[in-house]
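In what follows, structures are represented as structure tokens.
Next, two complexes with chain A in common: one pairs it with chain B, the other with chain C.
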Partner chain A sequence: MTKSKEETPSEEAEGPDGGVWAWVMVGALFVSSGFVFGLMRSLGVFFVEFVQYFEESAQAISWITSIAVAAQQFFSPMGAALCNAYDARIVVMTGGCLAGLGFILASQATCLAHLYLTMGVITGLGWGLVFTPMVVSVMGYFTRRSALALGLGFSSIGLSSFIFNPLFQLLVEKYAWRGALLIMGGLSLNIVPCGALIRRQKQSKAPAKVDSDGRSCSARLQRIYRYLELSVFVERPFLTFCAAITLFNAGYFVPYVHLVALSRHVGFSEYQAAFIMSVTGATDILGRVVSGWSAARGCMRMVHILILWTSLTGVFIILLPLSSMSGSYPVLLTVSLLYGFCGGALTSVVFPVVPQIVGVERMMGASGLVQLIESIGGLLGAPLSGFLKDVTGNYLASFVVAGSFLLLGCLILTTLPRFFQCRDPPPSSETFLG
Partner chain B sequence: MKLLWGFSALLLCCYRASASTAGFIKSPLSQMKLINDSAELHCEVIGNPIPEVQWWFVEGEEPNETFTQLFDGARDDRVRINATYIAHATSTIHLTSLTLDDSGTYECRASNDPDRNELKKTPKIKWIRSQANVIVIEMPNIIVEPAEVINQTSATLSCNLTDSTLPIKGSYWTHNGKVIENSKNTMDSPHTVLHLDKITSQSGGKYECVFQTDPEVKQTIEVKTTPHVAAYKHSEHGNEKDKAMLVCVSHGYPLPVDWHWFKLETDGRQKPIINGTSDKYEIKSTPNKTSLIIHDLNINEDMGEYVCSGTSEIGIATDTIQLRVRSRLAALWPFLGIVAEVIVLVTIIFIYEKRRKPDEVNDDDDSGSAPLKSNSASNHKDKNVRQRNSN
Partner chain C sequence: MECTWTGNQNKLPNITGYWKKDGNEIDSRLTVPLENEQYNLKGVFDIVGEESLGNYSCVFGSEAKIEFVLAAPQMGEVRDKPIVSYAGDSVVIACKMEEPKPKPSTWHWYKANGTDKALIDAAAEPHRYQIHSEGGKSTLTVRNLTQADAGFYYCGAVYLISTSLGRLEVRVITFLEPLKPFIAIVVEVLVLVAVILLYERKSKKKSITGSQKTKKEKRENSGGEESSSVRQRKV
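Then we have the complex of A and B:
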């Protein structure tokens, strides 16, 4: 849980692309994304407790997680805008406090609506204020090796689900769910020191703010427009990127939701199915780190790497039901491992592409907006696949559709300007636009 | 005028030609049923216009037959007739709670003659008829041995089908409605046996031996065991001032009728009853599950062992649950510890930064910020060079 200040990288720190503090920031990202996504994925531990205590249906309880995830993605642009307006450090520290506060208040809940408000909205808001600013701040310290930094930072997401699930089970047994939530709130407060580590980058939009002074409505709207980076919406490259990422999100989560059910549908036991999920999670972690490391070597363009991993992920998703139909457990396991690896690999390279599309100084706002728009894909993807399964009776259609979403997104990405160039264009503000 | 007559005659002929007499496409089937069973006869007729279908009951032998028409609700509401007249006519007659008097011939009659129900005219087209026999027989005697199994560790159940002339195609056994796989046999013997080597609470229930005759006959043997009571969780935790729910479930046959909860004192037993100790205790019981809800937990009084006991006609079974009450502040200490750790970390980070502040201006210039200064690159020529090199 604590991070040392002297975290030295495996390779030498060179010039602007790294530095001791950059790797300290990677450590901070590791810890904070572990606390954001690891907690998000471990909320299921409380599911049974809540159903029993509040005597509500499973659907009503699962809304808590949905609201938290939706809030995190919805408030991302707001977090990014606040970073542009103020200091990223303040925003992340506030986000950490809010996330912790949400859980602390939730421990005192007396009805389900309280949980929706505290564990759902407040904690989700906190997470939204934490994630995008942390990611962008870390990317600010790297140019070529941003993918590696993000890969290392995100590797905690898989690890933390491994650690937090049994840990929270233990807490719930020892302290009952109220005590466990209280302690989770305390753990979430650990995001605050991570935020405190962010150093001022001297590129905030504060100077620009001085120009459009005054309290008039239009001036205020103009400021909000600039802070939210809404100008990116009129640019075709950004819209193309958003469309592609939304399609990625629609297909990416389908195996996480349905893989266990698919394995059981074909006839494997509960333990075999659970084992598949565990190893997929393990290769996910590996994929993130390896992809980040290999992307940092600079042999291929970031966009090309993204398309490589995403198309492979799409192909493996389509292969999943086909391999399960063969009836052989090792085949299904292998395809799942490959899916996990490629799925993790693509997450490391998504964010580094953003500054290449919108320019470095707009990447904060743009990342927030990307998070918001990709959430639409996530919201639609899983129910669509569930619907396809209900209509056709097996999982073949849902997995094939999910995989084809990913492949379609890759095709859309190829329409980015200057896509077929072999080298990255020089990093100026007019990268993809001219 | 002649043309008009000729034309209308032609039309009439065409109309007549398109009209067709009624004909059966499905006739009712004869069946043999047991007393108190139910029977169903189905009849489908086509014709143009759509024919009407009626059901008649025929008693007696030729030529002294008596015909009685059956309608929906006849025979004390034991007769139900369901008819549809879409494209062709279908009609189904349901006879429930059969008695020996229901035996006889049932006739499905149909006609599409428009004059069919005229009392004054002689109908040109007779009603077409299709008959089926329904024979109601008494349940043949099946001798079971033993009549009931009560609290035994093993048993042999046997059924003997006596005084029946029905051909036997085979037999099998069912347990609580589910067919027991190994018990199926296709011999025509009226005697069948099922061995129960080890009777546990799960093997109790209603066993039926079924003889595959037409109609099927069966008899039930009840296997009763002492109830088996188990707690959901043997160790429960509750928070002070909160509520706790202790649950016990039971298996077996018959299920407990009566549930009681006791709290084990150091000396003997004490009973919490639902009405006696009002707001504190609440007991909700169904035959297979009972729950004791304790409100407003108190660390000193409510901690301890609780016993749930279920009573059925065969016997009593109990199980024990240990209740631990956590003080509300138990989780507070780890929480405060973590908050203290966070505050310490943040303080250290801020102090470290204040110490570094004089050096910070130099540090920032050559570590993190350079890649971001792309839009103010005008007066940082050497930084540009550095950027290009690193890319």
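Then we have the complex of A and C:
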């Protein structure tokens, strides 16, 4: 915060862009993202244990993860709205407690339904209260360098799966799945100190505009409307952005789901396929950081950067089955590396575009809503790709369709107003609208 | 079993051949003629039971030996790490004889008792043991675990000629074991939160006294520019 003191008045109008506490917040985002998405990706360790103990089918067990992911995305707007109404710090700390509580209760489960409720709903709800508020809180400390901050903050997502997978394997071997879940619950509580680091920056939306004699139904609805930031839904730029991001989500995860199967399908061994995934994960981390750093240089507009990385990701997704058909392992490996890099790169710049579309003040609510809507893409994309594979017999159609979703999303983004301008509109005028 | 040997440089017209089982000669020595550049030695053995299994070898003169191992199908990969469960909870242990090995006629489960094996009778104690066997797979469910249930268990795939065994270890722990690291983590979290909140309270106090000082200075300065340092410190 001492930095903003030294800035000239014109830079001050731009907003804060760093400072000691800002980087502390990036560290908090690093830790909390790791505990949300890293854990989400490591739930597979329990799969075999649950199938054997509860004597249920694989599909029934895999619903646990699906419910948790869906809950995280579904409750994101609620988390954002609560931050608008109250304090982001309380919301994130509560979310951390809920996430931990979900796992702790799950350790006592005696039937599958218990796991759906605890590991699925409660933990997912906790994650929903954590992720969007943390991301938006961090973005509040940065203007031009928000992409770098997010890139660094999200780099833990890839790293934590490297760490958590073997760690949880060890915990399950030592303490069985009940003990492992208990300890995971404890680890999830580490999100709470991350939330404690959030400091109040701006006025909350509570007093500002409307009547505070809000006992009446309409006043309450009005407040909910404001907290959830539903006003963004009537604006075409936001709807355009949502449509594009939903398409991105429909295609983005397909390689994560099918790449190993594609490699095996073409004839590579289990180890070769697993190696491809590991290396893709490594370049994903690198892509996040490099993209964030280069976006912060400010040479290109954030929207243009997003389109650049996303279209490259789409192209490489389409190239994946084609390169596998060549039969050459180095070729497939190279394309996977490039896919990983570009896929990670685009994640750093998605959120920074939101305040440019809806304005800094509405960024919290809008981000929550984006999370909710993009989940539709994720929910539809994976089954569609599976269906295409079943119908055609190979993965070519699935990957080509996935890549084209990304390219189509890029085309949609070009319809944003003032897209072809070379400079970002000045932040004080905030939106793409006026 | 049949052995075929192409011989060495001296293609002797006849050579002695005999069978051995586990290192001991069985039957009498035979004279094996050279036919079509090969020596053929055939042995027919009746498999009556477990005693018929072992290492068979056919020997040609003092030059060539071929070994056969006659045994029941071996159990596939059985989990070598101990299976952990909690006192009062139940545990499911499984053995598998995977394709294309022949399926056993039945499965038996044993609990190790010192060096002995005690057969587990699920019918006698249905509330404690449950055995579910289906072709090449068998699972044993042990309920209401106590420390006494810990130890080695053997699953036996029963064939006509013998039984193939697999060994599994079960460990029973109480909830106190994972509770210890859990409490350590919770304490760490509470300490971190306390440190963070205390630090913030301290720095707020500093900024309040600091802003009070600058307010005093402002009042002391007649006129002068408005210092924006107060506003900025709040950020």
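One rule holds in what follows: the second predicted complex is superposed on the first by the 414 of 434 C-alpha atoms of A that agree within 3 Å, B and C clash if a C-alpha of one lies under 4 Å from a C-alpha of the other, contacts with A are read in each partner's own complex, and residues count from 1 in each chain.
Note that a contact is a pair of C-beta atoms (placed from the backbone, for glycine too) under 8 Å apart; a residue touches a chain by one contact, two chains touch by 3 or more.
All of these numbers come straight from a predicted model, not from anything done at the bench.
When both complexes are superposed on chain A, chain B and chain C clash. In the superposition on chain A, contact is made by A:E361 with chain B only, not with chain C.
By the touch criterion defined above, A:A22 reaches chain B but does not reach chain C.
Once the two complexes are overlaid on the shared chain, A:S218 sits clear of chain B and of chain C alike. Once the two complexes are overlaid on the shared chain, A:G186 sits against chain B and chain C alike.
In the superposition on chain A, no contact is made by A:Q59 with either chain B or chain C. The partner that reaches more residues of chain A, of the two candidates chain B and chain C, is B.
Of the two partner chains, chain B is the only one touched by A:G140; chain C is not. Once the two complexes are laid over each other on the shared chain, residue contacts for A:L197 go to chain B and to chain C alike.
Two complexes overlaid on chain A leave one chain B stretch from 1-9, 73-81, 181-189 or 361-369 clashing with chain C, and it is 361-369.
Shared contact residues of chain A, touching chain B in one structure and chain C in the other: 5, 16, 52, 173-176, 178-180, 182-183, 185-187, 189-190, 192-193, 196-197, 199, 201.
The touching residues of chain A, when paired with chain C in their complex, are 1, 4-5, 16, 52-53, 55, 93, 173-176, 178-180, 182-183, 185-187, 189-190, 192-193, 196-197, 199, 201.
Contacts from chain B toward chain A in the complex involve residues 237-239, 242, 245, 326, 330-332, 334-335, 337-339, 341-342, 345-346, 349-350, 352-353, 360, 363-364, 366-375, 386-391.
The touching residues of chain A, counted against chain B in their complex, run 2, 5, 14-17, 19-22, 52, 107, 140-144, 173-176, 178-180, 182-183, 185-187, 189-190, 192-193, 196-197, 199, 201-203, 359-361, 424, 426-429. Residue ranges on chain C touching chain A, taken from their complex, read 81, 83-86, 89, 92, 94, 173, 175, 177-179, 181-182, 185-186, 188-189, 192-193, 196-197, 200, 229, 232-233, 235.
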